[in-house]
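First chain written, first letter: the chains are A, B, C and D, and each begins at residue 1.
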Amino acid sequence: MKKWREECGVFGIWNHPEASRITYLGLFALQHRGQESCGIVSLDKENHIHHKGLGLVADNFTEPELDRLSGRTAIGHVRYATTGDNLLTNAQPLTANLKDGFVAVAHNGNIVNAGKLREELKNDGAIFQGSNDTEVLIHLLARDKAVKFEDRVMNALKKLEGAYSLVILTSKQLFAVRDPMGFRPLSIGKLDGDMNGLSYSSWVVASETCAFDLIGAKFERDILPGEILIIENGGGKTHSLHLPEAPKKAQCIFEHVYFARPDSVVFGEGVYEARKNLGRYLAQECPIDADIVVPVPDSGVAAALGYAEESKIPFDMGIIRNHYVGRTFIEPRSHIRSFGVKIKLNPMAALLRGKRVIVIDDSIVRGTTSKKIISLVRNAGAKEIHLRIAAPPTTGPCYYGVDTPTKKELIAANQSVDEIRKFVGADTLGYLSVTGLLKAVRANSNTYCAACFDGKYPTPIYD
Amino acid sequence: MKKWREECGVFGIWNHPEASRITYLGLFALQHRGQESCGIVSLDKENHIHHKGLGLVADNFTEPELDRLSGRTAIGHVRYATTGDNLLTNAQPLTANLKDGFVAVAHNGNIVNAGKLREELKNDGAIFQGSNDTEVLIHLLARDKAVKFEDRVMNALKKLEGAYSLVILTSKQLFAVRDPMGFRPLSIGKLDGDMNGLSYSSWVVASETCAFDLIGAKFERDILPGEILIIENGGGKTHSLHLPEAPKKAQCIFEHVYFARPDSVVFGEGVYEARKNLGRYLAQECPIDADIVVPVPDSGVAAALGYAEESKIPFDMGIIRNHYVGRTFIEPRSHIRSFGVKIKLNPMAALLRGKRVIVIDDSIVRGTTSKKIISLVRNAGAKEIHLRIAAPPTTGPCYYGVDTPTKKELIAANQSVDEIRKFVGADTLGYLSVTGLLKAVRANSNTYCAACFDGKYPTPIYD
Amino acid sequence: MKKWREECGVFGIWNHPEASRITYLGLFALQHRGQESCGIVSLDKENHIHHKGLGLVADNFTEPELDRLSGRTAIGHVRYATTGDNLLTNAQPLTANLKDGFVAVAHNGNIVNAGKLREELKNDGAIFQGSNDTEVLIHLLARDKAVKFEDRVMNALKKLEGAYSLVILTSKQLFAVRDPMGFRPLSIGKLDGDMNGLSYSSWVVASETCAFDLIGAKFERDILPGEILIIENGGGKTHSLHLPEAPKKAQCIFEHVYFARPDSVVFGEGVYEARKNLGRYLAQECPIDADIVVPVPDSGVAAALGYAEESKIPFDMGIIRNHYVGRTFIEPRSHIRSFGVKIKLNPMAALLRGKRVIVIDDSIVRGTTSKKIISLVRNAGAKEIHLRIAAPPTTGPCYYGVDTPTKKELIAANQSVDEIRKFVGADTLGYLSVTGLLKAVRANSNTYCAACFDGKYPTPIYD
Amino acid sequence: MKKWREECGVFGIWNHPEASRITYLGLFALQHRGQESCGIVSLDKENHIHHKGLGLVADNFTEPELDRLSGRTAIGHVRYATTGDNLLTNAQPLTANLKDGFVAVAHNGNIVNAGKLREELKNDGAIFQGSNDTEVLIHLLARDKAVKFEDRVMNALKKLEGAYSLVILTSKQLFAVRDPMGFRPLSIGKLDGDMNGLSYSSWVVASETCAFDLIGAKFERDILPGEILIIENGGGKTHSLHLPEAPKKAQCIFEHVYFARPDSVVFGEGVYEARKNLGRYLAQECPIDADIVVPVPDSGVAAALGYAEESKIPFDMGIIRNHYVGRTFIEPRSHIRSFGVKIKLNPMAALLRGKRVIVIDDSIVRGTTSKKIISLVRNAGAKEIHLRIAAPPTTGPCYYGVDTPTKKELIAANQSVDEIRKFVGADTLGYLSVTGLLKAVRANSNTYCAACFDGKYPTPIYD
């Protein structure tokens, strides 16, 4: 159902009397980052307990299951998994039994040299269960000869290239890690409270701060690019190791454009405000005289509000979204017609009839969905339709943890803006510039990766 | 999850090559009117085929099930069912085998004299399976002695008092009926097309016009209060009988306030526009100086847009809703705290901090949820909170098909506006007047029922 | 999977602290009488609570479900249901809400004039939910004008022709009934005990005595043909009404041949011993010189032991049955061969090779299964195969509650014994005579119905 | 439900047009060897496809699943799995991705030095997913440096001590292996046929020959102790490697006593005949004057027939077994009594009353079940009860793949025969001697392991 699919969300909590329940809620808040599988591993004394399943968090964890996931520490993961029959094998957190005990790893990102490392490990006798990058990391951890586990983590990570935000749980320590370029977000917070008169003070880590809001935790700071943060013992203090510094940072700008929840603060910027800014700059760059600004819900709402504010053209919810369309909805086979996007979106004729309409969307992938939306709005009686995209044309695939179509399938990689306009059937079409994009998130090109828009990939790409 | 629960949505289609699939889509569009059970009955030649289940439409009808529901005519129903173990027994459409064949009935509303009729029928040897009003109607149909089935429908309906919008399917005819006061909506449309070179022209009836939009049908008109519309044979023409006229109409104003989908046209008025009007009049009646207008999503959005437009105070989505909270989400037991409304709504501190905030909601039931929302917004840093309700205080229960709390539980039936304000913790609280409400839907008190607001019940109330 | 399918088993218990659990166990013991659906209705104070489901007893009743079925009285039913989509609608016990409260009915048998009664009732305004005979009885109960419910039971039953063993539960009484000819078995027993220091004394009724053995109840006596036994109040005493006496009794001899469990006592005779007698008389009537007597398991075992004892030819389990073949096993589609009866039965070559084998089975229906068994035994190396059937040729269908093929499908109704022998591929074939059959159960033709063997139907047959 | 639980059954087929369907049937025939989990891996070109699940074969493989398991080669496994949450992780066949491609392994047995090997491997950087012995073997295969895969199999197996019958599938070869002592059975057969005019000639391997009977394969021979049989290419020919010869063979005598299906030929002897011999020698060793020989069904039937034949005392099925007691049956909680063994077994009073009864069972584990059976038979009216066990007293646990209680729990390890007799409540108790046992299977102590009876463990036991 989602246009762009990110690989994952991760969560961890150290020293909480209801660790698995808090993890469940944390994953629930991160559900938008991955809906195909989910899992929780808890640590009770020195035992790991785990449960993984396909589908949504709310469908996989019952009260008895949460009771079984006992202990004061837990990590969790939500995942968009590639198709195939081994979905459950690849569900995370991955767990393994090493010489110094169990380890569990939850990963968000994509390791660009995983294929090469995998071949080397296999030639050295490693066996692989699935096709997950994370399994490579676990093998590196298992084989490293350093005595302290945290040194083995350092040694193993030095071999990885690419994007990774990690939560690692052993029977003694919880690690929170971001790769040196900082592709994916990861934040740390604090959750203090008491239960039955006993006070507790817990550390929490999460891909997005919206998870902190739900559980009532206080956001402390982002894990730094290249930081290996370690929580242990009572957990009062943490300490950190640091991977060799990268020449530049490459925080994913698409988190702001599409992935992150609007109520999260990502890479130091509020997402909702960033999206409104995208709309404001879009209004400056691509102005048009019109009667109404209408978002494609829900992802286009904030940008449309920004566009309306900047352009002084009234905002209205001219397209209604049916939220019952979830994972379970299967459009029935029909010999007559495809209902497609109509199942989800209904334009309101009463509002649109005879109007000059600015439609705001966050991106165009293949163009087919946009074409259908334009057609629905046209049939609802709009006189003119001006499509405005609150991001630059998407011209390249992502190699850092987002499931994108190939370059061949991306319409903006193959057609000019005017060709796209013709294809989707809009009267005018405007995209935000890369400059506008960076301004909207108050970023510069040394701290953000915008490779899907500008082609400047910050790492070598293999294969 | 819903604040107010309506009993049902009904749908029917006559003469369509994929009748059960269209009914499935129609019910999907009406899903907001009832999520506890659903059912479809199709007519293939003279055989009825049915399938009913608990839960959502999308979870109950698979392709093989839709294949099994063969035939060119079908009716369907979605229902909010009262608690108890006989949920499936009461699921609709109800079917029965009468002397002249099968009959299936789908009902939206509530018969106020059902208890009395039920006792009379039992004393005369009738047996009842469930506790459904609709079963009373079927017994009346079975026992009437008139020769023509449509006369028996007329005779049976004359005995009923209260609210009913009905779709009745026999092996020869499809009936669409509204009670003489017209409490619940019911509309008729036309769906023409062709399949494999054969053209068809279908009649469709539905509780709301949004179902027509999804299937691509053309809205023709509302079924009139007191009309018994009959479709038969090829279906080219319909004819109608008319129940004795009622002294006044009593169309449910709450359909506009809360129930109906914003993209429906109900009782001749677009719901979204009506809700914006509620906000506009609310701004006129209860103005306040503030920095930002924030809706409680999703139901408060349209009214908030109207309020913002009228008051010139900027609109913003200051509270974000998590749409993964559906039927399957069970808040985990916790010894520490209840997460409650936070699971669903997250206020955005970045937007609200230090602001004077107008929060727009559609209604207050017991006050407990409003109290939690105000508290969340306060904790997010709002300097002032002005709660504005886009309807009058709800002071009485509904007897016409809406599941409301008792008078004792309705906060506005027992406390003054200022007491409510204190309870929920707002700085100011304002409700729309009944006059404003009627103006917003361009109605007068002779055509609408607003008894839950003004106590003027249009029928006698038994028990 | 079963050759012959009986319609049902019924069970009831009055005044037991764990009534639904005992009913569950009773139904479990009667599971062989019906595997397609099952149900329990309990009575707690004056409330009926029910649960029905498709499939086996053990798959439908969980601990929480049994807890919900509270109260000291319960009845239950297992059913072989005809195919169709309304399986659950027809599952029993049927329940209804009458003028004097709830009634639940569990039925074993078949009413031969049900069709006629149904038409009369419909013409008088009755509505029917399913196609069950039992529904006719409930309508008759609802419409009778007698003041006492037991008189209404008497009046209603007088209108029925055919086979019925019934358990009826109202909010005040439990009825156990057998039709005047006594087609189907029904027995009453007593179960005394104490729980938490409180002693109880319960009445139990069941289709077969094996249910009493499991729950530890003492068999008292069979309900008499035509008896309406009534248990009420404390239940210390029962009283009975009696339907008009029938000119002859017609107890189903097939209960002894095939249906009943070998460990039951049916119509006063132990089933296992009766089956051994079938084998003994078969050995006398159809002797043959051979090396080994082999049953088709499990139903042929007792008769084979009797045959072996009488003939002095050694008994051996030359065919092994795989008991994992249950409801869930679906033979996979194959383009190569059908595995059919081999899935269930494996002949042991080591035992059969070079031997003259007497194969004992209980009956031949269409002949196709027998043909496959003979072929398997032949391929296992048997030198001669002498098929002996421990019953007479089945020449007619049953109209009293057994699901039989039509006359056209019954091989013995259409072919001579020698033709059947050729068809199934045996060297010789012998059936027991009707006289031998009656001797084996120590019966005479005035007390038993053997119509499927001798064509003498004890009631008129309508259609 | 089973008294003794064996770890597994394995199956494999090479070059068959419906390989997964044949494997499904093969596993179905081996279902008695493991009911907790099952799995199939097929090979289509060079791709492995797998499906594993908890529970019975018939509940886990649907037609679409069997279609998905495409290819002309497949292996399968049924398993008794130890309790715990990682059941599915340990389900077999295990699969892994090695340097030369995928490998899948199905294992029956127990590696006695697995713990030590596992520690060594972990210290060398190996990571483990589960607690399965088979995972150790896969690691050894992955790490061996030999060039040819079959040499790596040889090298890896040389490191294992204990019991293993294995089927290994790579993308090029199918291996069938028995450990040098030959603890567990494994046989090879041939299945020729044609489909759509194309003839095929398939090799099949299975734990027991009953699997060959079901699929219509011809038994060729047992895999030899220490043999590594390799099938590759067209599969016309096989070749074998041989592990170093063991000083003695140790074929599990319990396969004949209890595990194997009676219709299998195991270690060259028919199981049913072997069991009858157990009964015959038992009659010679422990004669008693009595009226009737009654087996505890189903496992005691063959021995009882042998006992009856030898003693000339009549055999009868005096205890009836309810075959609906399967995995799904949960005895309901009761405050009154435990129903226990009565749920499964019902003694027939009519047969037993006043009789001197010889009860034949295959073994006594803790004595509690035997005690209940004796009590049931006593309550059914037996005058004398003589318990005869068709095996010697079980005095030691098994370390070679059978899940046995600890020595402390085994009644015969702690009490004299007379003490056991008193505990179970029999009038007399007799066991077969170890000599009689060996004679019954025509074995000598150099070819069989009877360690559970005589304490002579054929390998060192660690831990």
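Everything that follows uses one rule, which is that a residue touches a chain if its C-beta (ideal position, glycine included) is under 8 Å from a C-beta of that chain, and two chains touch if they have at least 3 such contacts.
Computed from a predicted structure; not experimentally measured.
**Student:** Out of curiosity, which chains are bumping into both chain C and chain D?
**Tutor:** Correct list: empty, since no chain touches both.
**Student:** Figure out the least number of contact steps between chain A and chain C, where 1 means they touch directly.
**Tutor:** Tracing touching chains, the least step count from chain A to chain C comes to 2.
**Student:** Work out the mean Cα position per chain and let me know which chain is farthest from chain C.
**Tutor:** A
**Student:** For the interfaces A-D and A-B, which has the higher count of C-beta pairs in contact?
**Tutor:** Looking at A-D and A-B side by side, A-B shows more C-beta contacts.
**Student:** Any idea how many Å lie between the Cα centroids of chain B and chain D?
**Tutor:** About 61 Å separates the centre of chain B from that of chain D.
**Student:** Starting from the mean Cα coordinates of chain A and chain D, work out the distance between those two points in Å.
**Tutor:** The computed centroid separation for chain A versus chain D comes out at 49 Å.
**Student:** Measuring centre to centre with CA averages, how many angstrom lie between chain A and chain B?
**Tutor:** 36
**Student:** So which bits of chain A are touching at least two other chains?
**Tutor:** Touching at least two other chains: none.
**Student:** Graph shape for the chains shown, where an edge means the two chains touch. Line, ring, star, complete, or other?
**Tutor:** Drawn as a graph, the chains make one closed cycle, so a ring.
**Student:** Which of the chains are touching one another, listed as pairs?
**Tutor:** A-B, A-D, B-C, C-D
**Student:** Please name which positions on chain A make contact with chain B in the complex.
**Tutor:** Touching chain B: residues 17-18, 21, 24-25, 28-29, 31-32, 56-59, 61-63, 66, 193, 195-196, 210, 213-216, 261-263, 265, 270, 272-273, 298, 301-302, 305, 309, 314-317, 320, 322-326, 328-330, 332-337, 339, 342-343, 346, 348, 350-351 of chain A.
**Student:** Would you mind writing out the residues of chain A in touch with chain D in their complex?
**Tutor:** 49-51, 68, 85, 95-99, 119, 122-123, 125-129, 138-139, 142-144
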